[in-house]
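Just below sit the structures, each encoded as structure tokens.
Two complexes are shown next, each including chain A; its partner changes from chain B in the first to chain C in the second.
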Partner chain A sequence: MTEIGEKKELPDVFIDPIDMSELDRGFRKEIQSMPNGEELSACFACSTCTSACPIANIWEIKPHQLIRMIILGIREKVLSSKEIWLCLTCFECQERCPQGVRVTDIFFDCKNLATEEGMIPASIVALGKELIEKGQLYTVTADWEREDLDLEPDVPGLSTDAVKRVLGSTRTGRLVKGGR
Partner chain B sequence: MSTYSVYIGCSVPANYPNYEASMYKVAELFGLTLEYLEDVACCGSPNLRAMDYWGWTLVNARTLAIADSTEHDIVTPCNGCFGSLKDVYHLLKSDTDYRNRINAELEREGLEFRGTSKPRHFIEVLYTDVGLESIRKKITKPFDGIGIAIHYGCHLLRPGDVTEITPEILSELVRVTGADVVEYALWKQCCGATVLPVDEALAIRLARDKLKSMKDAGAAFATVVCPACCNQLDLQQLGLRESYGEQFDLPILFYPQILGLALGLDEDEVGLGMNRVPAKPILQHFSK
Partner chain C sequence: MPKKKKDEHRIGVFICSCGTNIGGVINVRKLARDFKDYPGVSFTTSNMFTCSKDGQDKIADMIKEKELTGVVIGACTPKLHEQLFREILEENGLNPFRLAQANLREHDTWVHGDNPEVAYKVAYDLVAGAIERAKTLEDIGFEEYPVDKSVLVIGAGIAGIQSALDLADKGIKVYLVEKYTSIGGYMARLEKTFPTLDCSMCILSPKLSAVERHKNIELLSYSEVIETERDYGNFKVRIKKKPRYVSIDDCINCGACERNCPATGLDEWNLGLGERKAVYTPFPQAVPGVYFLDKESCTHWTDGCTICAEKCPRDAISYDVEPEEIELKVGAIVAATGFVEMDIEELPEYGGGKFAHVLTAGQYGRLLSLVGPTEGKILLPPGFEQSPKRIAYINCAGSRDENHRPWCCNFGCMYTLRHAEMTHRLYGDDIDQWIVYHELRAGGKEYEQFYRRVRESGVQFVRGFPSDMVEEKDGSISFSVFDQGTGSLLRLNFDMVVLTMAVDPSPGAAHLGHMLGVDRSEGGFMKELHPKLEPVNTKSRGIFIAGACQSPKDIPASVADGKAAASAAASHVLKGKVRVQMDKAVVDETLCIGCGLCEKVCPFTAISMTLRDDESQLAEVSSILCTGCGKCQVVCPTGAIKRKHFTTEQIEAEVLGLISAHRKREQAEKTSGGVSS
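This part shows the complex of A and B:
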């Protein structure tokens, strides 16, 4: 039990100051130039997004902190964070933002930038590989079930070549080939 | 009546032919003609959006452009496909520069996005174009007020300014069958499907919490309108016996299966035997 008046050991610094020289001041503009990023600067850090997020309590960096870090230019830490890939994409944060910041959309933008720099989970690259090699994410394995219901045996109308052709020339194609 | 261009996606036909068949049978009963869109690409899911935004918009713009040439609205039973198509549609309608860049690419395939064919979820077509009154008139085997919990699915409802779908659409559609809608605390919560490739344990926990919330509120059945949500709530439910030592025995039905039964279709016509958690107990709940 702590005695009254007893000196408790406190850390030298409560909050590590931000090293201004390490900030990437262009990051805010970079995100704002991406789809649905325009409203980023309207964030006043109320943390409604964090309150709305079903899994924010297991995130070390909370949604409102990620948004603040983008505005400040803490680029590397945002793009290398595991949190952006753990986003459920449920849009609860975005839906409730009183300032109209498209939070979930902005995390999608971050994931695109992270991917461009090679920071992408292997399991997501594997899905890209499925799209490039098979042209679809799911293939019919039980065609007798379709037959029982008088449905045509394969996925109706799907052009696997179209997927391979289109995504083969975009970032997905480069990613799967091993480049960036 | 009306004709629609169906974008069936890949998950529904590959994993849930019972959803596809029940949708077609229900549509037929209301005189809706559903024609599969030909030569269309997979929507890529939110995971493609995460790694390759440009590629994701391009494949989906291509599908929308093909639908434009049919002059019918584009209808899908999958929340994932709906979310992708509607988001890209919204983007291309509101951002002229982006649309011009996309159309420059599509021109090489002889296509152009014009935005005349609107992407719509099948349940919204039932609600808006058929209407509750017409549906009510055709119900021959109403349910006895049995409690059904609704899992809407995130990409059906949000972002609301893009999807333009409100929860009432599905809750009214469930009520018109004679069933009761069970309210439960976690009704808005995500099923966890999107993070499944990145963190399986988290995804399963989200599905488990959802099922527990439904069950605790007294739901006897639950309904979904998305194959990814069904994977999480129906298929994963079987695994929860081992991972959590919990057995919910909560049958998960696609909405057109429920409506189909109330319209007099038999259990085989809606593929009831294919639901992973046995769904046949619902046959004990007709009011007559």
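This part shows the complex of A and C:
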């Protein structure tokens, strides 16, 4: 418990308002013009998406808040948010939105935009690297199940070369090579 | 069959189960049986639904078969079926006032549902009281008065206009009184209407012309009702025609007067945005379509100006016109006096009346009007030179607020969407539009679809209400709002702020309501007889209400109301007569001492004192004005004045019957130790 009369600064409950000049009023249109973003503006802030989300409980910014922030133009905060990357892409929100807003798809759009602007978590880059280098996300190692079944340790005929080649020229490739 | 004596009581008792409402709590068959041997009762029965065909037939059959002298029904409140039951009595040769109803549902089983034993006792006592009352009831007759085939409609907005047209089409003479110089009401101010965005005038002006042309409608514009009085079946109405100084018959609408007039006044048609000449016409399609001189702003009476009269090519203008009073007799009245936006100065927290760039939505609507002060362009007042870059519409300004007007303005959400949509169509993204709201009410046909369309057009919706509104040096307006959608506090700045104003009934509605004997609801809106089942009737017979004077209503609802009121008024006057039940106050001349107390307490001025031949005073009751409230009966020191059907004797009989049933049971319980009835 804090002693009364101790506080010199404003208490935490005072919120710094977001000034209108900080809003990027073009952001809504930007997302709306990306794949599956068309229905964005139909959102009427019901927060069904948040109710549907299996993990939004632990998110600081909830799915409906992200959607409303896109519409309002709080661009930086949305694109730099960890939540768009935490999304499970389970599509529960999108399935339930009463206005047909493609919430999950819009979060994909946000991730793509964030990536283009370098706002991508290191863990995601690491995953990309894994893909580019190995052609697969999970390599089979010391597979006792295979052993139990009397199979050779490596999957026969698994060729990841084509995958690596194709991925190399995608956004993932660019990312891993250090560029944007 | 035993011979029946003339003054013998033969009461029939009918106990209703009312489904499970009564029968689910008490044993109605037992109750009916328990009254079999009650003095004066010659028949008892119980029924599942006494109001059903079966129940009705049973009453009818028993009246005839048992030659009943009175009927007691233990059922629901008399408010629901008393009239029906009375008709059954009358159809079967028994005076309708020989009915006594015991309200076993509202007064007993709904209250004592958790205690059936008590409920049964109460039911028994109530029925016993009703039987004793039935024994004292007398035959009461009816009087019939002629009703004129004419209706007065007060207020010529869309509701009044629709009423007038429908009535006139039925061949009924209509007097349409409008206090303003033109008919049309608020709808005539609108450029377009939601949700279809059809041009308001395009759909309204055919009706305005129809009013002007209809041979059954007499239009009394710029007029007001100053007195109404019930005159048996009709109403005597006095109307003041205010002078418009421009003769309706002579003016050819050339506009010479307006062009030359040097004087101006605040433009009330444009809700105070800008000025107009002292002699003017509010809008091109005005009806009557002639000019009008506003005495307040004209300088003739101060500096002797006569320019307009000189310029008028038809000598239509004359300054020596006095107000004229006319008297009408009509069979019914429809009040359709509409609404006004609340005064913006009542909202200083939103800069109302202080900040030049804060407008009412009505004013904004006038900016959108092609015949408004800016010819349809959105420009900043007072100069009207620059367009705003950012507009905020603030919904529920003063509405849904216990500090101002607790009710919802009903159409504000929708017209704000319409204003935003119209502005978007005109200016696209050049104007950034924000709607600050809390709950968007779009309940009508195709309204929700319209709302979605406006969201998709890019209008920004912020859920929350503003605070800390200030005017910046450049005249722009800043405020804070906590946006519930994003969960963030925003500090916003706009070039123009438009307030979706709370609405009030038209000024004078209270006075008019009093004159017509119509109650008012919260906020002073006219009160209907029943909010669901009698929405256009009022507690005053022959008086009907329509449109936004009853509660804020949009155009579709006001039109529907207008039609409903016309239908109700028509069925009233087309009968040609009213039948008035004579269950009113009557004076026993031998007992009246002329003290005048009754005259003083009667709230309906139904009692007047007259002189007898010997010069002494005698109270006289107007049966048409008396509503049967019974106040006079209570104050009369000699018992000379009696409210028929609720005389002191009848009330006493009922109360004593009830008490003695109760006493008898107590006595029996004491002696036998058990429950007797």
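The definition used in the following text is that the second predicted complex is superposed on the first by the 144 of 180 C-alpha atoms of A that agree within 3 Å, B and C clash if a C-alpha of one lies under 4 Å from a C-alpha of the other, contacts with A are read in each partner's own complex, and residues count from 1 in each chain.
Convention: contacts are C-beta pairs under 8 Å (C-beta built on N, C-alpha and C of every residue); 3 or more make two chains touch, one makes a residue touch a chain.
No experiment lies behind these values; they were computed from the predicted model shown.
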Based on the shared chain A superposition, would you classify chain B and chain C as clashing or fitting together? fit
So in the superposed three-chain picture, is A:162 touching just chain B, just chain C, both, or none of them (first/second/both/neither)? first
With the two complexes superposed on chain A, say which partner A:112 touches: chain B (first), chain C (second), both, or neither. first
Report for A:171: first if it touches chain B alone, second if chain C alone, otherwise both or neither. first
Quick check for you: in the superposed arrangement, does A:68 touch first (chain B), second (chain C), both or neither? second
Would you check which partner chain A:94 touches, where first means chain B only, second means chain C only, and both and neither mean what they say? first
Does chain A have more residues touched by chain B or by chain C? B
Once both structures are aligned on chain A, how many angstrom separate the closest C-alpha atoms of chain B and chain C? 21
Intersection of chain A interface sets (partners chain B, chain C): none
With touch defined as at the start, can you tell me which chain A residues reach chain C in the complex? 15-20, 25, 28-29, 41-45, 61-62, 64-65, 68-69, 71-72, 74, 99
Chain C to chain A touching residues, read off their complex: 432, 440, 451-452, 455-458, 460-463, 480, 483-493
In the complex of these two chains, what residues of chain A are touching chain B? 34-35, 54-55, 58, 85-92, 94-95, 102, 104-105, 108-109, 111-112, 115, 120-121, 123-128, 131, 135-141, 145-146, 148-151, 154-160, 162-163, 166-167, 170-172, 175
Spell out the residues on chain B that touch chain A in their complex, using ranges where they run on. 6-8, 10-11, 13-15, 17-18, 20-21, 36-42, 44-55, 58-59, 62, 91, 95, 98, 154-155, 158-160, 188-190, 192, 194-195, 197-199, 202, 206, 268, 271, 274
